[in-house]
Amino acid sequence: MQLKKVKESLVVMTELVLPNDTNLLGNLMGGRLMYWMDIASALSAMKHCGSQVVTASVDNISFENAIRRGHVVTIQAQVTRAFNTSMEVHLKVWAEDPIQHFKCQSNEAFFTFVALDPNGKPRQVPPSEPETAEETELYEGAVRRRQIRLILGGKMKPEDAQELKSFFVKS
Amino acid sequence: MQLKKVKESLVVMTELVLPNDTNLLGNLMGGRLMYWMDIASALSAMKHCGSQVVTASVDNISFENAIRRGHVVTIQAQVTRAFNTSMEVHLKVWAEDPIQHFKCQSNEAFFTFVALDPNGKPRQVPPSEPETAEETELYEGAVRRRQIRLILGGKMKPEDAQELKSFFVKS
Amino acid sequence: MQLKKVKESLVVMTELVLPNDTNLLGNLMGGRLMYWMDIASALSAMKHCGSQVVTASVDNISFENAIRRGHVVTIQAQVTRAFNTSMEVHLKVWAEDPIQHFKCQSNEAFFTFVALDPNGKPRQVPPSEPETAEETELYEGAVRRRQIRLILGGKMKPEDAQELKSFFVKS
Amino acid sequence: MQLKKVKESLVVMTELVLPNDTNLLGNLMGGRLMYWMDIASALSAMKHCGSQVVTASVDNISFENAIRRGHVVTIQAQVTRAFNTSMEVHLKVWAEDPIQHFKCQSNEAFFTFVALDPNGKPRQVPPSEPETAEETELYEGAVRRRQIRLILGGKMKPEDAQELKSFFVKS
Amino acid sequence: MQLKKVKESLVVMTELVLPNDTNLLGNLMGGRLMYWMDIASALSAMKHCGSQVVTASVDNISFENAIRRGHVVTIQAQVTRAFNTSMEVHLKVWAEDPIQHFKCQSNEAFFTFVALDPNGKPRQVPPSEPETAEETELYEGAVRRRQIRLILGGKMKPEDAQELKSFFVKS
Amino acid sequence: MQLKKVKESLVVMTELVLPNDTNLLGNLMGGRLMYWMDIASALSAMKHCGSQVVTASVDNISFENAIRRGHVVTIQAQVTRAFNTSMEVHLKVWAEDPIQHFKCQSNEAFFTFVALDPNGKPRQVPPSEPETAEETELYEGAVRRRQIRLILGGKMKPEDAQELKSFFVKS
């Protein structure tokens, strides 16, 4: 399969926070934001592999700043690295008050997707090629994040995660 | 503040997977499931603290089995432990084919919420009391999961997470 | 067909009242509540019969207390009695202000469903077995409620509804 | 308060059955239809009384014919009679296959609404005046239907419902 | 194909403006109104031709008066003229404050649809027959509006639009 | 008020076509697309003027290619020119089959918005500055398109639209 540049998988999504997306205090509910993040990152993964995909995992997400009704949410999703049949996607989320022109980054996250053939079975994806410094850093960190997922999912023993182990012991 | 039993925060939610919740292969989209999980766990946290809450973080979630259009999703959410102004909620998710009576656990997750006063500022929550063996195990593990969140959120250095460190080195 | 216990058909659904579910006064619209009640009771009927179902009728519902935006609606649905190809489902609805911890029963209702085979034709359902005193009372009242439905639907003459007639004349 | 003609409260609503309104067999879910019926009849009641209203009760509804995805649902709602602070609304529902030009009446129902002042308290509504023979028949039957509702809601003893009693004993 | 009277294609739709249909000022968003207008006029076109249709074009729409949350929108759609495989539909939109009984016409528009056979290819539609003076005027104006569409869509040169040209030069 | 570059108003929106967005043939309904276009262009106008906006008019839109369920819709919206209290926004719409990597431009449109102050009254907007050749062409064409709108809206006589008249007579 032919190498694909990660930048070709870039997806930008813009959503307006409507009343039904908010709780009684007028703040965007976390679940609504994750719904949008899942679609944006799935589209990015589909762009990379050219097939249907299914969400395999979502890494720890923390929600820093309240996003309010009437604010505009912008989500940028881009594949960081392709593995055998899966792809890690990196998301950046900004919220903006369109009246005050005040924009802040509110989230960053990693979603992982598995490519599926028309029968719903996992299929091979093209290898990925980072170009910029930021893309390369994300590409290299992907292995460590993958080990954390495997450990947390009970599919790898912590002592076998060499790269991760050194992260905790030495740093 | 008075101690509250964690079982009082139990919330059970049942949802039918409708066409708009699925992708082209007829599988429930991960983002839709996270939307439901966020509401179920927020309601559980509100039951514990009796005030509005906001999603603070979501731990790593992995999606094991495909859930299909027409299936029934059942979500059980219960507070595991209250901290100062925050609460960790544990979720179990089952999917069931109502025709085949085939039910499987598809997910498990931890969401964290912060209690808010009417002005949107964090407020104290009641301490929590586990009773059963399972509740106690979840209660005790909550500290370690909290250290992971703080490290992943850049708010704690890995070497300061004593409990977590021993988990990776010794185990 | 094998007898099934009615308690196996229990379904619990929890919904948060969002802005779009309410009218200008901030009260939950009756139609939204009936939408949720229909899904909860359909899932209960499907649990009993293991096939697709279609709503056949809804008995008189009265709406006592206003349910407000931000409140939590809990619906419990359970089959009361199976007839030839149909099932009566009993629903209890509670509304709760999660901040005030004030919970009240707001509704009770009976929905009837017909089981369908894959071609959309009615099919036989398993007989049902009540166990508790409450289940038995609902089981026995089901015949009288069925007569009311048949009369109101123009499919039975009032004078032929022996059990119902005595209810109006003697009581 | 000035008398209002019932025909002034006529509301016609047309809805297209979309995928999310249907179950796995492609049939419109009963709860979705009741959601539309509730809005159509609430608008009719608001037209009569010129104030906000709340659904007080829904009479027995039976669902005769399956309505399918892509069909068009037409609902006609009109006040039959105003009482002190409440109004009974009569609904007729048709479903049409727009391709086959096959249209059939699928439902008939009665919804009752209470008029509310801006503080959410019940308020007086104008008396209603039927004109055609059909309107008059519905107007006159409204008292009997109201007695059924009061009995079913536990607010009237069956033996006090004179008009209804004769209906069951004599007919 | 048999001539069809345009009045047979009349569709009336009534919608309540809910919170999620409005912007931060509580006004109905233009896009929501166009969504309803598209469905109402598609249903009208389907009534005329008895087949599936697809939106081909929308003429210039101007939005005069703000429509508010809680208002009732009534849309009347009727075919003005059938061409070979397409139909022009005329829409009138009213908004009403159901409390104040204040109703105003807020929009008028023309949508064009193409009839499709089951394979999604354009198919012939029946010719249309206007009866009233208003219907006849709309029928006759349809040719001129069609020329504007063809010019704006780059499918006709302005100098070839004889009828339209005289409209600009002489009037 | 300070001049603003038109490129600062660029908004990119990405939407996945879900089942409920499509008709029985599986094609995206025109009204759904216009709903998304309205939000994208409103956000662009808000970026330019820093206040709430309301849709004033939509120019003729033609829908060329069918967009299907599962396709990805990308909308680019950018202010072309600011007038006194209004802004014209230009939209380009692409649809893409994410599996086939086949992307085509499906629409182009002009929406006009009026800026509103917190009381809902029109307010002055900053003047706009085009930079690229394409931006300049759109900027210059805006006056002619505005004359068409005024004529079609009955607010200008055709013979007074000098620029437009020459367009029809000479071209």
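By letter and in written order, the chains are A, B, C, D, E and F; residue numbering begins at 1 in each of them.
Methods note: a contact is a pair of C-beta atoms (placed from the backbone, for glycine too) under 8 Å apart; a residue touches a chain by one contact, two chains touch by 3 or more.
It should be emphasised that the depicted structure is a prediction, and the values quoted were computed from it without experimental measurement.
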Q) From subunit C, how many touching-chain steps at minimum until you land on subunit E? A) 1
Q. Which contact partners do subunit D and subunit F have in common?
A. B, E
Q: Give the label of the chain whose average Cα location is farthest from that of subunit C.
A: F
(Q) Taking the mean of the C-alpha atoms as each chain's centre, how many Å separate subunit A from subunit B? (A) 20
Q.
Report the inter-centroid distance (CA atoms only) between subunit B and subunit C in whole Å.
A. 31
**Q.** Cα-centroid distance, subunit B relative to subunit E, in whole angstrom
**A.** 49
Q: Mark out which residues of subunit E touch at least two other chains, giving numbers and ranges.
A: 19-20, 23-24, 39, 42, 52
Q) Between which chains is there touch? A) A-B, A-C, A-E, A-F, B-C, B-D, B-F, C-D, C-E, D-E, D-F, E-F
Q: Spell out the residues on subunit C that touch subunit B in their complex, using ranges where they run on.
A: 11-16, 39-40, 42-43, 46-47, 50-52, 72, 98-101
Q: Going by the contact rule at the top, pick out the subunit F residues touching subunit E in the complex.
A: 23-25, 27, 29-32, 34-39, 42, 52, 54-63, 66, 111, 116, 120, 148-149, 152-153, 157-159, 164-165, 167-169, 171
Q: Under the touch definition given earlier, write down the residues of subunit D that touch subunit B in their complex.
A: 19-20, 22-24
**Q.** Residues of subunit F defined as touching subunit B within the complex
**A.** 18-20, 69-70
